[in-house]
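Several structures are given next for inspection.
Okay, so subunit A shows up in both of these, paired with subunit B first and subunit C after.
For the complex of A and B:
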């Protein structure tokens, strides 16, 4: 039991190698601007992991993940400016509050399937966008909304990660923990329930699986990850801007999760890289930012039409077929 | 009409009356009237967008996010043509033609390749198309304040002591006329019959020999024309900005949800109610800031109302 729970797959080893690379090498070689780009890439990877997991394991589409990140970020900033808690406590509370928000959103929505669930979450994303635009994010002002004009009060980063480099490592470790969290769920009872629900809700009910509970559970995990991601994003700059949390961004995140490949952890990373790093690169090369929309859109259409498992699925297929080719070259070692 | 349907309508009327009374308490009647009138105009735009979405969704099974973007492309084209000194009616036709072309391109070239995917994925794919159009349009027409005006803007009509521009009356009348027109088209024409049959069961329709591609192309055409018209009106009444027109599709979807993606009359009434409530919120000092949230809250409440008493049971379609 414990053996199967903690067995590390080849993909898991690859993930650890990537994490090591991201922690030990990347912060040493990149400049200040790219540090912040990669840090926010990490935050979005965590949020995308949440949507991708829900879509791949249960076929549920959430179009409000970035809105939920905004909730997490809002709570973190609010707590930071109101109390003296350390960052980790703020982040934990923010993640829990966001999870509860996800549940509140999910419970009525769970009677709906497929398209309607997606549309309800889209409405929620539209609502959150307007809330953020109206009330802004706390920056040390008075009152409940805590907004003041002019410069914002300082933000307390985690004591482990005061410098930008250290904060980047901190974010990457959190992202890795998020992926492990999902994977452990997948290998335990909830994962089996989700697999059954994904196959057929009728079969799941007949087998005694509490469908509502496990769907809500999945929504909660996605909310938790979004809340954590929002908190980490707030910590990256110490303030947040409502422009980051538009409904269109939530839809984009889902779209990119499909493009990246929702079934694999590297799909979420690829999606976050497309979302954050590609626009920055295009900007560096002097390509008009508007054209990055065209590239995203074309990439999305291409991925949806030709690659149901996204880019990650194509990478995996390529690797598997190469290994197969090598094996058959050795005279069919499998046989 | 069934009893529960009648009950729903009575409930809707009661809620609308209560909301209007609440927000207009202590205000001048003319002022309230003006807010309602301009709300009806905005609501007509939501409804027009919603009608395009519903007609297309019923006939093809594609929930189209790209209607707003096609409308934006059309409106920008119209602005450009007018700037070049073209006779304005031709520019407006240009708007509709561009939106139609974008819509038909997707319907003929892209949509058939996705026919086998889930509804949600098809919807997300149209989002990709919307992004392509939006990117191209924003690239071609960089962010500058622009405006487009129709001759109907100058014509005012006095009604119960309020002065209304003819454009607002035009969108309002158009939304009603289009619902009636589409109703008769679906009920009386052969293509309409085929569309209804496709909406009912696609596989069976194909078996009995309904020319699916042709019917779908017509549906994409209708959606394109509606998108172009809505885009032009939106540019005139609200703002000529590509990203704003593109994402007007979200409140349009809210209107479409009110009609459960099938009933055009309810889409119209829902869209109009959303516009009116959104505008009336301006009168409330407390809720003024969150005014644009109205369509989403209304759509969510309507969905919950439809879902009441249902249990998660075996399968069935979405």
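For the complex of A and C:
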């Protein structure tokens, strides 16, 4: 009757198949450039999952996700160059720090909804963009900001994932864990509370749900995932550039989360593929990668007009109607 | 016993409730009045969605107005809204369970409690159905089950019969009438359907323009010339 915690749905099996593909097949057949593209796709898929989760479960629009990724990346690089902690510890601390940033961001945002909430989060993203552009990302220098001119100090990747292939596998396992983390929340008390808040805050209060707590919690989760994604991106490249974390990128990944389908895990993957793989493909074909913006715009228009659940929703509907057709065909044959 | 004392609510210059007092002590009580009389505002005061400028609400020694709105359901206050609030992406079972997710467990486990109340309203065979697939009466029944779980003390229904057929309204009335025997809770019902109020409520409070115009046994209240005047728009006697 209740979504049991450990029940694997067909979508879950499909996710495991995709993970197996990403871990066992893809790293063996693609070159170094595409390994880097797919690794960064995985990182952004994790961040997009966070922003999509907030939109799908609570109807809240956060346009700071890429900025929060930058915070995660900054903390990871800072810890990497300042201490000898293993990568996992750095990533964990970065995710926690970003989660706290998410909570701080939630404080003013909790009193707002819709467009006003989006604007507040966008302003926060703008503030982070300026911070990154001013102070840059640590690369082994002295002092708090840790920036030096010239070449950057080496970055310690996870001991399990020293090669690009292994690191790509590592990233996709982390992405899968992030998706599972969201799904666990969805199936338990918080998921039910969020569903009711999305339906009506008054109804949620009448059910004894502490709306402020659960909204803050959601911001924290989105921040945690963004921080983890930023740490993984820092691990992929070994250094980060402020140009990656512009406020406009946050707007872009939110729009792509809607195009991909915010309610489904594969919507986040589709959005990340559009964000990272499509421009790389266009480059490969000798076409200006900026054409991808036109495609994104068309995709967004399509989603807003005809597909509120995005491409993922359309895939799901197509599969369901196919299954229904097959079942009714079988029923007809039986009859 | 629910004791509403001198509740006054002002929205700017408009007095939505003007020193309304009533002591509800029957298993099912009604709050009636024309549109804009202040019925839902009174329910919103009890739920904590509207803060009164004056007055108190006491129930079994607890001043409800001192509790935060989200803590009132934990104390035992339940309410439904004019539009039934069922989450489309939760099943019927989950929609009911969410009401007691944040409350301490009573003598029955939360799952047993939900099963029992779904059985009472006749929705146990549709427990796995998503909210999005329910018709309006099924949504209303789910809403009632939501109000019954977790040992409620006060249950409030705001126009529960709105949009229902005559048969559905009769069934709804029977369900509301059985709440006290099932849970021990006192029920307050707002509705425009005077037949329903007469069928299920032992006492009724009548409001008009935020003021109490009658309070007492339902049949006596409905026979009151002031109440007839308020409903029919004739000159006050």
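Just so it is clear, the second predicted complex is superposed on the first by the 328 of 335 C-alpha atoms of A that agree within 3 Å, B and C clash if a C-alpha of one lies under 4 Å from a C-alpha of the other, contacts with A are read in each partner's own complex, and residues count from 1 in each chain.
The rule is short, and it goes like this: a contact is a pair of C-beta atoms (placed from the backbone, for glycine too) under 8 Å apart; a residue touches a chain by one contact, two chains touch by 3 or more.
Remember, it's a predicted structure, so these values are computed and weren't measured experimentally.
Once the two complexes are overlaid through subunit A, subunit B and subunit C fit side by side, free of any clash as defined at the top of the document.
Between subunit B and subunit C, B touches the greater number of residues of subunit A.
Once the two complexes are overlaid on the shared chain, A:154 sits clear of subunit B and of subunit C alike.
Of the two partner chains placed by the overlay, subunit B and subunit C both lie in contact with A:205.
Residue contacts after overlaying the shared chain place A:247 against subunit B, while subunit C stays out of touching range.
Of the two partner chains placed around the shared chain by superposition, subunit B is the only one that A:288 touches, whereas subunit C remains out of contact.
Judged by the touch definition given at the top, the superposed model places A:305 against subunit B, while subunit C stays out of reach. By the touch criterion defined above, A:123 lies against subunit B but remains apart from subunit C after alignment on the C-alpha atoms of chain A.
With subunit A as vertex, the superposed Cα centres of subunit B and subunit C define an angle of 80 degrees, given in steps of 10. Aligning both complexes on chain A leaves subunit B and subunit C separated at their closest CA atoms by 6 Å.
Contacts of subunit A with subunit B, set against its contacts with subunit C after fitting on chain A, overlap at residues 200, 202, 205, 211.
Subunit B makes touch with subunit A in their complex at residues 63, 65, 110, 113-114, 117-121, 123-125, 127-136, 138-139, 247, 250-251, 253-254, 257, 289-290, 292-293, 295-297, 299-300, 303-304, 307, 310-315, 318.
Those residues of subunit A whose C-beta lies close enough to touch subunit C in the complex are 1-3, 189, 192-193, 195-196, 198-200, 202-203, 205-211. Of all the residues in subunit A, the ones that touch subunit B in their complex are 59, 61, 108, 110-116, 118-120, 122-124, 126-127, 130-131, 134-135, 200-202, 205, 211-212, 247-248, 251-252, 254-255, 258, 288, 290-301, 304-305, 308. Across the interface of their complex, subunit A is touched by residues 47-49, 69-74, 78-79, 81, 85-91, 93-94, 97-103, 111, 114-115, 127-128, 146 of subunit C.
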